[in-house]
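Next up: the structures, one after another.
Each of the two complexes below includes chain A, the first together with chain B, the second together with chain C.
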Partner chain A sequence: MSKQITLNIDEQTVTVPEGTTILEAAGMAEIEIPRLCYFEGLPPSGTCRLCLVEIEGQERLAVSCTQRVKEGMVVHTRTERVSEARRFVLELIWSTHPGDCTTCEKSGACDLQRYTYEYDVDKARYPMYVPEGSPGTHDDPLIERNLSLCILCGRCIRVCREQGQGILDFMQRGMATVVTTSLDKPLLESGCDFCGSCIAVCPVGCLVERNRKLRGREWELEPKETRCGLCSLGCDLVIDVAHGRIVRTRPGKDGYLCVRGKFGWDFLVSEDRLSQPLVRDGDAFRECSWDEALNTVAQHLAKIREARGPDTVGGVIGGHVSNEAIYLFGKLFRAGVGTNNVDSAAGLAGANVAAQVLDAFGNLRPLSSAADLERAKTILSVGPELGESYPRARLAIKRAVGKGAKLIVVDPSESELARLATIHLKPKAGTEVVVLEGVIRTLIDEGLHDTEFLSSCEGSSEGTMSVGSYDASLTGIADAEVQEAAKLFAKGRAVIALSDLREETVARALALLMLTGRSKHGLLALFPMANPWGAAMLIRGDAIPETAGLSAQQMLDKDSPIAALYVVTADPVGSFGGKDGVKEKLSSLEFLVVQDLFLTKTAQLADVVLPLNGFLEEEGTVFGAGGKLLTMTAAAPARHPPLWQVFSKLSERLDHAMGYRSIREIRTKVKELISEGKEGPTYRFPSLTDKGDTRAKGLPPFSRFSLPETSWSARSQISTLTPAQEATLDSNPANTEEVAK
Partner chain B sequence: MSSEIPAKCEPTRVLEALKEFANDAMCDRCLPCPIATRQAIALLERVVGGRGEAEDLARLTRISIRLADAARCPRGEETANALGESLQNNKEEYEEHLAGRCASGTCRALVRFRVVPERCTMCGLCQEACPRGAIVGAPYVPYLGDNRPYVIREKKCDGCGRCVEACPAHAIERVVKEWRCQNRSP
Partner chain C sequence: MADENQGELTARLTPILDRYEGRRGVLVSLLQDVQAEFGFLEEKVMSTVAEALKLPLSHLYGVTSFYSQFYFKPRGKHIVRVCTGTACHIRGAPAIQARLEDELGICAGETTEDLVFTLETVNCVGCCALAPVVTVNDRVLNRREQRKLSGWIREQRAP
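Up next, the complex of A and B:
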């Protein structure tokens, strides 16, 4: 414990650790010192001079946000001299702040407004002085910058350096100082990634979300805490609702949201969203009631089950929905329809990672959250432009590197993370797997692997792991570099961040963890969906019929026996349109139900289209990146019946009443299946793979941990495509659409 | 009236010092200094421009006292103190300026000139030198009854003083506003 210091603030005796600033110490004693430039969590700058305090024995006033406490200090925060100095600063700010609080979005939450009231400031003491050529509102997307309201506190500059792209700074000097980008370029050209952190810290109305304009005043907002559902990291998120509409989102405890969480919810308020169930009427759709739609679905499913048997009916559910919905969907098919043909579409996007992790380690303890990533000492990032795709992971890595962590980046592109990297391995596109194999090879050759850990695995024998020698000509990376990376990786608490979720890459990442004995918090697999783990695991429920079911991929195969399909929040045609037969299969189905937010390409082929609530509109639990159960609350007003009700009603119409009266009951059921102990969540589900359940016996035999045959040799040929082949790839509309998305 | 070049008046001297500070030593590491200096410059410009109000001196005094407290560095504090000293020690001179008089003649806005008829030779060089066309009259023509002597139109004159330099007969002198008002011909 560090040294304690006792001082006196406003007649109160306060004891704080050494190194605390006066402002923080006062905060601990619940004495609030006004501040404009200080923001908790950012380095103090002492710019605004509002936190001035008087210290006995010091002639000059002291800046409390930068000055540290000393033993026996006597501080006064509310003397006349101090108040007058603060008032003076506020008067000066008002002489350059042409703000009209009546129309300002920030009114009600504006620090300047608040202190002006508290200190009874004469706003008009100094004549308004707006310099010539004063910058007005900038024409940026998403973020509105009204620089004439800027009070030069510099918070946005510091937060941008800490967790943004570091594009803002004070430009010019002296009286002409402005806060803007280099050369005053628009945000789009300056490298901004639109995380909106600057908006969250701006004390006045200079920076505001463009899409919140005129949606509600600050005092009308009802904040609700929930979690972001736009990728698998599940960041804390606070959503503000006014008049039944989403006004904005802002970061929760974590203090950071990326552009997706901050601005990406606008699809929820899109006018193109489905508002009513649709049933096919010839070539077109007509709107109908929920009852009619559900009856139609139930009748058709029952008819097809009758005529062709239950195994011609199938269901596919995406990874964007809650555990409860996934569980109930599985139950609807197993118990209601009587088939095992139910799978998660997340598997199509690589969510068999869950199966791979369970198979290798027997539990989900290897999963790491963003917080674990921040604490790591060694980080291996695998995947093209991982930082750009998952800004929260990029921030975590940036923070870890700031604390001295070593970063190894395997990325064919010169991405942002590559600039932070200790070692940047730049393989030819598609050969990342070979690089990882080279690292594994080195670990074994140099004896850097954890033999103790391996011997605790059953049937351990590293010799059984067949890793070929590393071929530098394939990847374009010299042996020495790979060896250096391997030596670096072998040390310290390591996390592998993975956005490349191909089976072979995941297998090698897991092998690396296993070889170095890292059985806890070592793998951060990043998915573009909220609930990949739940989707992969909970889709397997109890009351399983005898025959094994088809996977989503098998169901979508053109030769599959499926005649009726229920697709929830997945768009196989849009996502895999290029794949042979998916569209043909779906259009040749006897009956197709699609439930989604929008009329997707798959939905256009459907016989019945059901609308869906978005991620902020429905409550439920999801599995976070660290394997922990996270709760999502229904923060925004729901538009449609929740998924669990839809599934229950359908099941009822298929003569199997589930008997759930509320989502809580389902949650209890789901929690029964998951016992969260010290060991991390464990599951009493049947094995996820066909290899039998090994979890009960501790770690699985390492010898079984053979690396799956890679397709990298085929993938590496991508870089050696002939121009004609590339042209055919480019002309395929499905491919280009994927890129555009 | 002395025809020597007079010393700068106090408001102008302080104004120039502030401008020099703004262009040179001032940093932007704290908020009050740039804004307060900009305000002080704007206020002093009003004073020397004949647009000052009594309230402006109070505003300047407030800046001098409070900026010394609020500024981050000694440079800002010194500037504030210098402003305060000037205001305190030369209170009358500042008030004179508010009343429209600049005794030293530094403030062009407060200064006017007149042609002394006794010395004027009616050569017309002053009229040619005047950039604002403020001087009316015509060159002297002998034996002509209605010669028009040179007169400086008060409203057009901005006090630049080029006519004084141009006059070979030293016939143009500076007048302090009030004095001229008293002697204005009816």
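Up next, the complex of A and C:
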């Protein structure tokens, strides 16, 4: 424990650790010192001079955000002399701030407005100075920069360095100083990744969200805490609602949202969203009531079940929905319809990661959250441009590296993480698996594996132990580099960050964890959907019919026996295009129900289309990246009945009343199911040669790695998503063109 | 082609970067040397330096835009400066500036398209007794040379 310092602030005795600044010490004693440039969590810069305080025995006023406490120091934060100095500072700042508070979006939450009021600043004391050629509003997407309102506090510069792309700085000098990008380029050309962290720290109205404009004043906002649902990381998110509309989102406790959480929810307020259920009327749709729509669905499902048997009916649900909805959807088919033909669209993915993890470890304990990743000593990142695809993971890795963690990056591209890497293994695209096998081989050859842990594993580790020797000619990476990486990986608290979710990659990542005995918090698997783990664990639930069901892939096969299909928040037609006869299959169905936010390409083929609530509009739990249950609240006003009610009502109409009165009752049931699965862990080695129950189609099996590279889809170099993952991503309207226009 | 340029660029930068390797507080000196090598701080050069130093590009621009000695656009082969200090002003600097702007077809602070001339104003060169002062490539012109300046300018531009 560090040395304690006792000092006196405004007649209060305060004891704080050595090295604390006066401003922080005052904060601990609940004395707030005004500040414009200081922001908790960012390095102080001492530029605004608003936090001036008087220290006894010191002639000049002190900058309390940078000056550290000393034993016996006597500080006064509110003397007349201090107030006069602060007023002077505020008057100078205000003389260059030509803002009009009546129309400023920040009015009511602006720190400058607050302090000028508190210090009774006389605006007329200095003439307004607007430098010649003063930059006006910059024409950037998403973020509006009105530089004439900038007070040069530099918070955005510091936060952009810490968690953005470091694209801002003070440019020019003296009265001409502006905070902007290199050569004052637009944000898009400066490498901005639009996380909006700068907006979150801006004390005035200089930086605001473009899409919040005119949606509500600061004092009308009702903040609600929830989680982001736009990837599997589930970051803390606060949403501000006014007049029943979402105004903006901002980071929660974590202090960071990426562009998806910050701006990507805009599809929820799109004019193109479905507002009413639709039923087919010849070649067109007509709007109808929920009752009529549900009756139609139930009648057709019942009719087809009677005529052709329950196994001609099936359901596919996307990976974005909550555990409760997934569970009830499964139950609707198993108990209501009487078939096991129900699957998650996440299962459409070639790599059934969740199933692989559960199979290997027996529970979700090997999963790591972004916070776990920040504490890691060694990080192995596998996946092309992982940092670019998952900025929160990039931030965690950057922070870990800042604390001394070693980073091994397996990435064919010169990505952002590659630049941070201790070792960058740059394989030819598609040969990542060979690299991982090389690491496995080295661990075994050098005796770096955990034999004790291995002996506690069930099943055969033969496949892993006998993995072939590394062939540098396949990957283009020298033996020595792979060996060095393996030795680095064997040391310390390690986390594997994985965005390459192909089954063969996942199997090798799991083998690496097992070989080194890392059964807890060692795997951060990154998915473009909110709830892949829930989808995998709950969709099957307790099977009632005895015959095994078809997978989503099998149901969509042109020769499948399915005659009636219910697709919730997935767009196989939009994602697969004309491939594999998916469209033909869906067009030839006797009955197709699609429930989605928009009239997707799949929905256009449907007989009944049901509207859907978006991720901020419906409550429920999801499994976070760390395997823990996270609660999503219905933060924005719901537009439609929640999914659980839709499924309940349908089930009732199929003569199977589920009997749930609230989503809480379902949650209790879901928790029971999860705890049942929590027996002592059994570790089973992933098979590296036998691909087992793979639903992959079109993904080259591992044994074909000698194929010429041209046979690889070029996409594999730029995207880690399998077509099916894109299916789920595409069904998220944030990613469809319709919204873009 | 692009790689070739990058290769040449790296080759010219490497000795400068090596000279300052591992030292702190040398950014301005380093960038002065870079400017001496390239004539001005081209964007591609700046981003290569930023990458080599592992500093944000914005930081490099923040530092260099603070000083008027750094240039971000190409400069002419010859730098013509007109002193606009008090003494020179009284003795006709504005007229000289206007004449040169007219002859060169650019405003003070700009460079001719053929990259032969850059015209600048300075606040004082420190030889007010010689006012009005004009310098070419840091050499103060005497009266006779000043009279011949227009002819010299035409000569330099002749193909």
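Keep in mind that, in the parts below, the second predicted complex is superposed on the first by the 663 of 741 C-alpha atoms of A that agree within 3 Å, B and C clash if a C-alpha of one lies under 4 Å from a C-alpha of the other, contacts with A are read in each partner's own complex, and residues count from 1 in each chain.
Here is the rule we use: a residue touches a chain if its C-beta (ideal position, glycine included) is under 8 Å from a C-beta of that chain, and two chains touch if they have at least 3 such contacts.
Computed from a prediction, not measured in an experiment: that's the story for all the values here.
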{"item": "Overlay on chain A: chain C relative to chain B, clash or fit", "value": "fit"}
{"item": "Touched partner set for A:81, first chain B, second chain C, both or neither", "value": "first"}
{"item": "Which superposed partner A:181 touches (first chain B, second chain C, both, neither)", "value": "second"}
{"item": "Contacts of A:61 with chain B and chain C, given as first, second, both or neither", "value": "first"}
{"item": "Chain B versus chain C as contact partner of A:168, first or second or both or neither", "value": "second"}
{"item": "Partner chain in contact with A:129 - chain B first, chain C second, else both or neither", "value": "first"}
{"item": "Of chain C and chain B, partner touching more chain A residues", "value": "B"}
{"item": "Three-chain overlay, vertex chain A: chain B-chain C angle, C-alpha, nearest 10 degrees", "value": "30"}
{"item": "Minimal inter-chain CA distance - chain C and chain B, angstrom", "value": "8"}
{"item": "Shared chain A contacts, counted only where both chain B and chain C touch the same residue", "value": "170, 173"}
{"item": "In the complex, chain C residues that touch chain A", "value": "43, 46, 56-62, 65-67, 72"}
{"item": "Chain B-facing residues of chain A, complex", "value": "36-37, 46-49, 52, 60-61, 63, 81, 84-85, 88-89, 92-93, 95-96, 125-127, 129, 131, 151-153, 170, 173-175, 177"}
{"item": "Contact set on chain B toward chain A in their complex", "value": "22-23, 26-32, 34-39, 42-43, 59, 62-63, 66-67, 69-72, 77"}
{"item": "Interface residues, chain A side, partner chain C - complex", "value": "157, 161, 165-173, 181-183, 190"}
